[in-house]
Amino acid sequence: MNRLEAELLGRKLKNPIIPASGTFGFGYEFSEYYDINILGSIALKGTTLMPRYGNPLPRIAECPAGMINAIGLQNPGAEQVISTELTKLKKVYNEPVIINIGGHSFNDYIETSKMFNDVDSIWAVELNISCPNVTGGGMAFGTDPKTIKKLTECVKKVLKKPLIVKLSPNVTCIQDMAIAAEEGGADCISLINTLVGMRIDLKTRKPIISVKSGGYSGPGVFPVAIRMIYETSRCVKIPVIGMGGITNAREVLEAMYAGASAVMIGTQNLVDPFACKKIIEDLPMVLDEFSIENISSVIRRNANA
Amino acid sequence: MNRLEAELLGRKLKNPIIPASGTFGFGYEFSEYYDINILGSIALKGTTLMPRYGNPLPRIAECPAGMINAIGLQNPGAEQVISTELTKLKKVYNEPVIINIGGHSFNDYIETSKMFNDVDSIWAVELNISCPNVTGGGMAFGTDPKTIKKLTECVKKVLKKPLIVKLSPNVTCIQDMAIAAEEGGADCISLINTLVGMRIDLKTRKPIISVKSGGYSGPGVFPVAIRMIYETSRCVKIPVIGMGGITNAREVLEAMYAGASAVMIGTQNLVDPFACKKIIEDLPMVLDEFSIENISSVIRRNANA
Amino acid sequence: MKNVFLVVEQNIQLTHDFYKLVLRGDCAGNMAGMFVNIKLDGFSLRRPFGIADSDDHTITLLYKVVGGATKYMTSLMAGAIIDVLTCLGNGFDLNQGRKPLLIGGGTGIAPLYKLAKQLNEKKPDIILGFRSARDVCLTDEFSQFGKLHITTDDGSLGIKGTVVSYLISKKLDYDYYYACGPIVMLQALTKLTQNGEVSLEARFGCGFGACMGCSIKTVTGYKRVCKEGPVFSAGEVIFSE
Amino acid sequence: MKNVFLVVEQNIQLTHDFYKLVLRGDCAGNMAGMFVNIKLDGFSLRRPFGIADSDDHTITLLYKVVGGATKYMTSLMAGAIIDVLTCLGNGFDLNQGRKPLLIGGGTGIAPLYKLAKQLNEKKPDIILGFRSARDVCLTDEFSQFGKLHITTDDGSLGIKGTVVSYLISKKLDYDYYYACGPIVMLQALTKLTQNGEVSLEARFGCGFGACMGCSIKTVTGYKRVCKEGPVFSAGEVIFSE
């Protein structure tokens, strides 16, 4: 009996620990460090219809409790992801994974999503409608409920796989966004994406990041994540994947008590490439500490309803 | 020549360092620790028309890089603030200070503001339209531009002193809020108030804070503060007082490069009662390090226009 | 309040989860019932601890490992320097009663240690309540200062029950009590009798009166546990229902 | 990549702001040109440093105090244990050229040290550029491995000017170069001649290829400084205009 087993969108996961998109590349490189088959699932690097270089350097700025990134969705494009990256990943990971899709227009999202319909190694699509680092796209989609509902509907119509909508925390009312995604037909919500943040270089007197602001992540966003997971999981019936500054097994449990059916680990993978492995190994001890037999027992009832 | 001298709203301050409302009580108690006359100014504890006990305990939860509070505007009411608290403060602080006003209705804000018109020891009013910890009030006012404009107009009409509007960061577009306050006649913007956050007790499985969520502050919010100070100071002509997770003199400089004309120090006062004193003492060294003669030279031109 | 840097002199394990920490430096002015607030690397807020013992040069704390911060504290080695706010809050009133009774539950025994030492001449009765035998400690030390009564929740040592149930069942001769322990214990105690004073705990933001994070209701208005307390007159506190 | 815990063996000041840090532990496999990424208490991200020297049991780093993290590093005492990712990136290609030239600017001299040591037999020319006389260090050490040329921006020691201006003015006999230094230096150098390889710096998120924080444009597509680099063929890098 696996105490960590969790169910997400009808799929059995070895555990609820999933590396978050953008912090784990296309997965296979981490197999140099440990056997990634221990993971619950993997969310791949944000993928767009066409290849993208992303933003100029610097793309990274450190913060007192995290970091700001403004990668700008660098990726080789959906075609090459399917032909090259997924082929490499298949060799070292036995289960299908989650593709994360970014875009600039409804058409981008729709066409890219379609491309993964017949790709066996993808079991779900995570729609990044909240990337703060792409001019004229990404976040603009993620802050208006009507747009969220419409976009979710359009993608859902063409997609044959479970659809996860990843929400931005940079909004006045996260519940409105979650409800819009649910109404649009989303099968699952994931949140939080990064907070928009900025650091300034005291020498140049200008923002460190080339495009000025970027996405702030890491331990500093954890309290905001817990609040939004809590609020969201209580206003929609679809499951919520929780993320935002989670660094250890106790915080995984906190996110699940808040309402997460599974969690994604982001920035901590960059600080410690073994983060997910350590968390998975620590979880049974934390369950013991709080007298929890199986982690599935802490998942809220309304989830997976 | 005082290198730290700064001008704010036509008033000369010894330096741009102001303890933030809610982290410095009514000021006089800190005079047990050091001579508070070294401060640029003081923003007093949020004051309401009638006395308030605030929220039940627990009101405090720790975070990886800060804390959550949900005091709920505990204060003895405007009348007693004027008769008792300000009298005590006057004995130990030689300059007038900033009163921070909270409320549940337009009338609350208007009537409370009026009460300070003839109080000599108050030189400016900071309108807290963004307190996340008061049911049915506070933040509701701070997330809608129309309401912000209207409320600012109403208070400005009856107020004979400079009006600072304190903005909530829990919004999709901070610029809209700042512009609304400016259009309503605000003389100054202060930001950021706290982010809404939550922590959950792993033993009880429930939120630590009695009212579930609260205001998250401390080093973890600094990157969000810098971004919003930057954005706000570039879309309004009135000066911006920057705050949010500032802990040291270098971060003061960073906030001023972002666009702040003065800064408020909040949570750090609670961790270190000597925080403001240390920052004021460290500032000249930081100016030296970056070859800045006077701190006033780093204040953006558009401010104080 | 004083902000001092103190040197760890001793950090000893007393039970499976209870430790004694002795700090050296400028420690003058710390009365029984006052507390200190300690900055620990990697933790945002300070951690408050009642003063278990003190003189001009040392402060002794007793702490239970309950989370990350107290776990970290167990790793403090002799010689480590820590940032401490001392002389916080108001202590016990030593001039009350001729036959005092001290009542401590769990970690609440800490502030009673220095108090017992100072009330030695009045030969106080001292009731200390623990969860179980393995939690019991410092009995020899407390016995020096008065007549010691031990209770445990499971009866594995001393009398089975709580300090309050013990107080009800025994006829102890006392005219004033000093109590420190969990809120449920203090609430039960003050319901029973109000002729004494209680030391409260709360989650503090600052510990020195600035944030209003720990305000409680009392019969004479709102008071801050950290500033007007932590010691309150037993009849003063309005415990929430 | 390996994640190892190394013990500080030595931490010595070389100039007013330049230090040498020797770490001991499992250090096998660290080639000249590779780097390590160090976790420092109180800092969110790791800090990358080129390997100045190494054998199976030690790694030597050279670091300049430029901010909070490197200031903190100066306080590391012998015996301290630090969390290090080692064997990161790709090293220099030692098999190129019969008469190599090493060019280092500022902190860029660090990775050239181990390289010079290994190219010793080829009697390389070594140009090291510094801001001023007070920044110059390790000249005796580098002199063991080849013919050393020193430049300073202000001419206070060695030849006045930059390493690139020196290279232009002197006719040095070399058939392949290895360069490390500020981006402006590398850009000027590669404009001048592309017969060599350069080691780049960038702000890293992770340092091991996961975040794409350090991607640069090259003639063969986008490459990560931390993973495909930090050493690139001189003609490969497209410096931004």
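Note that the chains take the letters A, B, C and D in the order they are written out, and that residue 1 is the start of every chain.
Simple rule for what comes next: a contact is a pair of C-beta atoms (placed from the backbone, for glycine too) under 8 Å apart; a residue touches a chain by one contact, two chains touch by 3 or more.
Values in this document were obtained by computation on a predicted structure and should not be read as measured data.
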item: Partner chains shared by chain B and chain D (touch criterion as defined above); value: A, C
item: Pair of chains joined by more contacts [C-beta pairs], C-D or B-C; value: B-C
item: Rounded Å distance, chain A centre to chain D centre (Cα mean); value: 36
item: CA centroid of chain C to CA centroid of chain D, Å; value: 56
item: Junction residues of chain D - those touching two or more other chains; value: none
item: Per-residue overlap in chain A, given as positions that touch at least 2 other chains; value: 63-66, 219
item: Contact graph of the chains (line, ring, star, complete, other); value: ring
item: Interchain pairs in contact, sorted by label; value: A-B, A-D, B-C, C-D
item: In the complex, chain C residues that touch chain B; value: 1, 3, 39, 43-46, 85, 202-206, 208-217, 222, 227, 240
item: Contact footprint of chain C on chain D as seen in their complex; value: 41-42
item: Touching residues (chain side chain A, partner chain D) in the complex; value: 22-25, 29-30, 32-33, 45, 53-54, 56-67, 69, 71, 74, 208, 218-219, 269-274
item: Chain B partner contacts - residues on chain A that touch it in the complex; value: 63-66, 68, 143, 170-172, 195-200, 202-203, 205, 207, 212-213, 216, 219-224, 226-227, 230, 245, 247, 250, 253-254, 257-258, 290, 298
